[in-house]
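Naming follows writing order (A, B, C and D), and every chain is counted from residue 1.
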Amino acid sequence: MNKQFFQSDLGTMLLFSVAILTMPVWLDPVGANYPDLLQKFAIFGIFAIGFNILFGLTGYLSFGHAVFLGVGSYTAVWSFKLLSMNVLPAIMFSMIIAGIFAIGIGYLCLRRSGIYFSILTLAFAQMSYNMAYSVLTPITNGETGLQLSSQDPRIVDNAFSDAVVEGLPSTNLFGMEMSGYPGFYFCAVLLIIAFFFSLRIFRSPFGMKLQAIKSNQTRMRYTGFNTRPYLLTAFVISGIYAGLAGSLLAVTDPLAGAERMQWTASGEVVLMTILGGMGTLVGPLLGVGIIKYFENIFSSLNSNRLHEIFSWLPDGLEDFVVTVVSHFVGEGWQLTLGLLFMLVVIFLPGGVMEGIRRTSTVIKNYNAKRSQNKEAVTAAASKESDDGK
Amino acid sequence: MDVFLLQLLNGLDKGAAYALIAFGLTLVFGTLGVVNFAHGALFMLGAFCAVTLQKILTISKKVKDESITFFDAYKETPYLEIWWGDTGAAIIDWVIPISIFLAIPIMLLIGLSMERGLIRHFYKRPHAEQILVTFGLAIVLQELIRAFFGANPIPVSAPEILSGSADIGYILGMGADYLTYPWWRIIYVLFSGAIILSVFAFLQFTTFGMVVRAGMHDRETVGLLGINVQRRFTIVFGMAAVVAGLAGAMYVPILPPDYHMGMDFLVLSFVVVVVGGMGSLGGAVAAGFLLGILQSFSSLNEIKNIIPGIDQIIIYLVAVVIILVRPRGLMGRKGVMED
Amino acid sequence: MSNDDKKFDELSRRGFLKAGAGVVAAASAPAFFMKDAWAADFRNNPGRSKTVKFGFNVPQSGAYADEGADELRAYKLAVKHINGEGDGGMLNTMKPISLKGDGILGKKLEYVTGDTQTKSDAARASAKRMIEKDGVLMVTGGSSSGVAIAVQSLCQEMGIVFMTGLTHSNDTTGKDKRRYGFRHMFNAHMSGSALGPVLKKEYGTDRQAYHLTADYTWGWTQEESIKNTTEAMGWKTTATVRTPVGAGDFSQYITPVLNSGADVLILNHYGKDMINSLTQAVQFGLRDKNVNGKNFEIIVPLFSRLMAQGAGDAIKGILGSTNWNWSLTDAGTKAFVKSFGQEYGFPPSQAAHTCYVQALQYADACQRAGTFYPPEVIKQLEGHKFDGMGNGPTEYRAEDHQAFKDVLVVRGNENPSSQFDLLKVEQIVPRSQVEYDAKIFGGELGPYVV
Amino acid sequence: MENNSTENNTVLNISNVNVTFGGLHALSEINLQIEEGKTHAIIGPNGAGKSTLLNVCIGKLVPDTGTVTLDGEIMTGKLPHEINHAGMVRVFQTPEIFPEMSILRNMMIPAFAKRDGMFKFNAFTSMADEKEIEAEAIHVLQDFGLVDQMHHHAGSMSRGDKRRLELGMGLIQHPRILLLDEPTAGMARHDTNRTIELLQSIKERGTTKVIIEHDMHVVFSLADRISVLAQGRIIAAGTPDEIRANPKVQEAYLGGAEI
């Protein structure tokens, strides 16, 4: 019964929600329990889940998805500046504008497939990035990034309250500030909702048709499907996910920078998805976790911290270990990440999810063997030993 | 007029670099079917061949500056100069041309071992996994270089006699000082032309090349003919590495190399390859020069005043237009990397 | 959700965190959620803890990684000196001084590090980690204005003091200034004011200048500042051309200079851009040219020793400005260069110096204030005057938190006596000459208590 | 040639179709009428233009001149998926299936196409709730003897099974007309016989079919009418017996073939 339950939508969602909401507990031992990183896990989780709807299901590799992340952020900050510090309109507008961008870019890019598609998306993202960084500074505030200012009109907020606040207001959900842990829980709830939609899409006929497009697009056409609108829908959905993620970046930290749209940002989500396991439901989330953990925690380990960590070793050995390890953490974190990419893909085609699958198979086999042995023993002892599976 | 000619030269120069980098990339795409994100790193490694040679040649006798007491500051004189006088100085001066002879075997070795050790096992794997593994490799390579050479760019100059400018205007009879262009950039264009032509000739006129071209066209069939395609592919990868490495080594005087230069060129080289059309060597070269020249002209203030920021996006804009108008780039073949 | 609920939520959350987090986090937790109730308490209050932490947020990857590494070296040295280890460095020369070499207010100083990647997002994420997880009292570091401004505004929101690293844009203490941010580094406007007289002396008043400018906010402010200065002394501006950041090859921007009639090229570039554009401009023979009967000159308004190293021979004879150079001979510089050189085997860069001073100044302000409570510390730093730290008499101006001090005009050394002897100090421009009215750049510092 | 008695409805009408590839005449003046419920075989040597003709029918190729009409509706210029929905379904020579998906899902996809049309955004219903489609697919799989392995990946099947699967995928859409491109090529004899049986059973259901085939055994077991294509032209047409007797055909094609 258990297994079946956990494979049902309700079971999966329950398991997933518990895992996400208890992140502060189980991430504590590895030092990843603080609001900003937790928020980043959730936000980039949404980004990667959305990206996976396009890439994992249809196989179309967009190398410019960060453009929607950036658009989402800019829209959210503008909503804070012009309308209200309430996060709901910001999120709504971000998703709408990102969706509109996705329709436009997707409509053009989806005329081509394979690497031609990838380069088209890359080109749009790079153009957006370069323009946002320089020429569009009046809208984007260029290199510095778009920030709140005390002179912002904030029409809606000012219409309802004339209290003079010193300093900059914070983003809020009807009064609840969206920084720190409340911010994380807000993102986490949205992640759970986003995951739910993704789950439904994966398990729906629509999702299956997308997978069929990935498997054999020509066949799909001759089977009577107009594949272009399917692809465009997937593209727009994943664009809206990215817009949502972008808006949440601004919600938890109201600043939007152009580099969010650079190809490296697009590349990051590609790497996250492949690393975790493309086309799997939770794989991308694992990829997000690994890369963000490296970026934030591994990069912060310096030799002092290492000495603390390895203090249980004998002195000479401790120094040796710290010297060796220090090349791979701190400023060497990217080296370790690069090595990790290579090792994962060499030994685990299909990403981390494949590793988990293999491990669970090994455990299952082991358990099966053990229970077989046990059964043999118990069967010898008494004849009725068949409990339910 | 002079501005026009100069921008044309700039475009050719840029195009030469783009074409050289894209050339190897598309060779690997076309024959091996591998998306190689570590190709930029090969370009960077080539540049660091020159840097390494310079470091070796300028191993110096150090005379301590006694006025400085808190740390060791030296006045350095390379041993080569001490031992061989002007000859030694000349050798150091000509480090870049000499480094070519170092770069060829080293890059070949790197290319061969990369193919044998890693790339080979990814022929049949999905592109996504090729991207991840080669990207990982690129990061590892650049971080290793950084561990040895630091993050700051390292200046290596062209030979003294070639660091000045050629007075092209005078040569063409337009009067002295009217049109000057750096010697080294002219050499770079000629050099890249020579390399591209010789690789073309090699592929065109040798049996090896014939098999490779056939392999680019239809790998399965060539494999069925009982030809050892595998070994040839290894060599092709080695060739691509050498071409990228030479492009890097020769580029050093123009752009002081640093560990990140491979990544900086990576995206651009992919755009060039795709605009040229997947699997087409000629396309890559044509696209390289086309984009180089367009980029140069769009950087003119006269044009930027009309369309602000055009110089920053021209490459991508042209790429979008070309791919949308011509489904497979300038000269791409059907079915290569379309799924 | 009502306010009380929110507090309850935070309370339970924080209490929860307490169970697993380290000593510092645990100690600071009660202070954090009751901050509104008890004004004198504040984020990351060390309370009765025996240690305090600084967060060193420097670029460890990307183009400025070497500068970041040098900043980190300086910070580690500063921590040592504040804790009374080593030879004490500038603690021996700075005046006034309240630090006693036993940490700050009797608490031992510790530090955490992070990588800004020279990206606003990464830098803010790193700073947040330091503040939220490691419980730092102060964040410092960075190697570009974009990052400095982004982190500064974050620190304002979070109520943590930020001592900037390398940032030269006018905006950092102008349009985007913040109550919680202080800058020891000079800025583009001061570069212009300092360079003006020297340029006039060296190149005369009848010049045609051509600007190549990195196409982002710092580039624009520098272009504007230099243009204003040079035009005021009679130079004409032939053209100002924006170049994309990270262009690599600048040939297409340099060739139009050749026959433009300009006789001075001003490169408003920094870091890799400057190294590339300068190297290439020299290759195009600009410095050998003779235009309008004058020698063609190149000016790089801002440069550093690390950049000079990257540009190699191209930098020789080029005029520019810098915040500090190790070859200065005052007592503060000597003390710092000595400690740094003995520790690491080479001289510190201007980035290292700036960061070292910033760390010491913040520590000293805490000591003077007798508390770590940020508003009090900020009040100690505002308008604080000191000397003996390498730049002569210095003041952290209260109106905009910009340090005012002498500015160095330097020239690439034609004939270096050692591998470190790359810049020659041409002139030390006195403070009075670079001072300006804080109002010209606008901006608002914001409140003390957040 | 124009001797067809119109006792039945013409389902597919190909008239005056010309296709050239860079000066080469792939198809010249093709006129062909397929009648309802009949099985029409097209035979001819390699390169005669048989596959090209099918490509024109399903919209993969647009002819230079001429039209294809299905039940009086012009198909030329329509997109492949539109032609599919008009009722013309093709089974390819090299099996075009979805190799990464299970056999059952392979069979369900065309059923979805029939039900959902060219595009439907049904992202919030679960596959587990699509019982009707699943039952229909299983039913067809049963007919084709593939039901035992229906949870296996389609890519792992034998070539013969793949072709059978594809045939099933065509039939589940209840097409007006089914175009079969060498349904038995490369099959072992007993596989071929099984396929013939299958095709005969379809014939009994009254589905109109066009078969391209090399194997004369198959052709003469199934076809009601035969057209012979050589060098892009129809050189003969008629009942199997007429074709067998036609000397032109003997010469052009059947010369050495097994009959």
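The rule is short, and it goes like this: a residue touches a chain if its C-beta (ideal position, glycine included) is under 8 Å from a C-beta of that chain, and two chains touch if they have at least 3 such contacts.
All values reported here derive from a predicted model rather than from experimental measurement.
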From chain C, what is the lowest number of touch steps before chain D is reached? 2
Centre-of-Cα separation between chain D and chain B, whole angstrom: 52
When centres are defined as mean Cα positions, the distance from chain B to chain C in whole Å is 36
Need the CA-centroid distance for the pair chain A / chain D, whole Å please. 46
Please set out, as single numbers or ranges, the residues of chain A touching at least two other chains. 130, 134-135, 334
Any chance you could list the residues of chain B touching two or more other chains? 309, 312
Chain D residues touching 2+ other chains are none
Identify every two-chain combination in which the chains touch. A-B, A-C, A-D, B-C
List of chain D residues in touch with chain A within their complex: 58, 79-81, 84-85, 89-90, 92, 96-101, 105, 108-110, 112-114, 116-128, 130, 169, 173
Tell me, which parts of chain B touch chain C in their complex? 2-3, 6-7, 9-11, 13-14, 17, 65, 67-76, 146, 150-157, 163-165, 177-178, 180-182, 184-185, 253-256, 258, 260-261, 264-265, 295-297, 299-301, 304, 309, 311-312
Would you mind writing out the residues of chain A in touch with chain C in their complex? 24-25, 28-29, 31, 33-37, 40, 130, 133-135, 137, 141-145, 147, 150, 166-168, 170, 174-177, 179-182, 249, 253, 255, 257, 259-260, 295-297, 299-300, 302, 304-305, 330-331, 333-334
Residue set of chain C touching chain A in the complex reads 1-3, 6, 9-10, 13, 16-17, 20-21, 60-61, 65, 68-69, 110-115, 119-122, 124-126, 128-129, 132-133, 145-146, 149-150, 153-154, 156-157, 171, 176, 215-218, 242, 244-245, 444, 446-447, 450
Complex contact set, residues of chain B against chain A: 35, 118, 121, 125, 127-129, 131-133, 135-140, 143-144, 147, 267, 270-271, 274-275, 278, 308-309, 312-313, 316-317, 319-320, 323-324, 327-329, 337-339
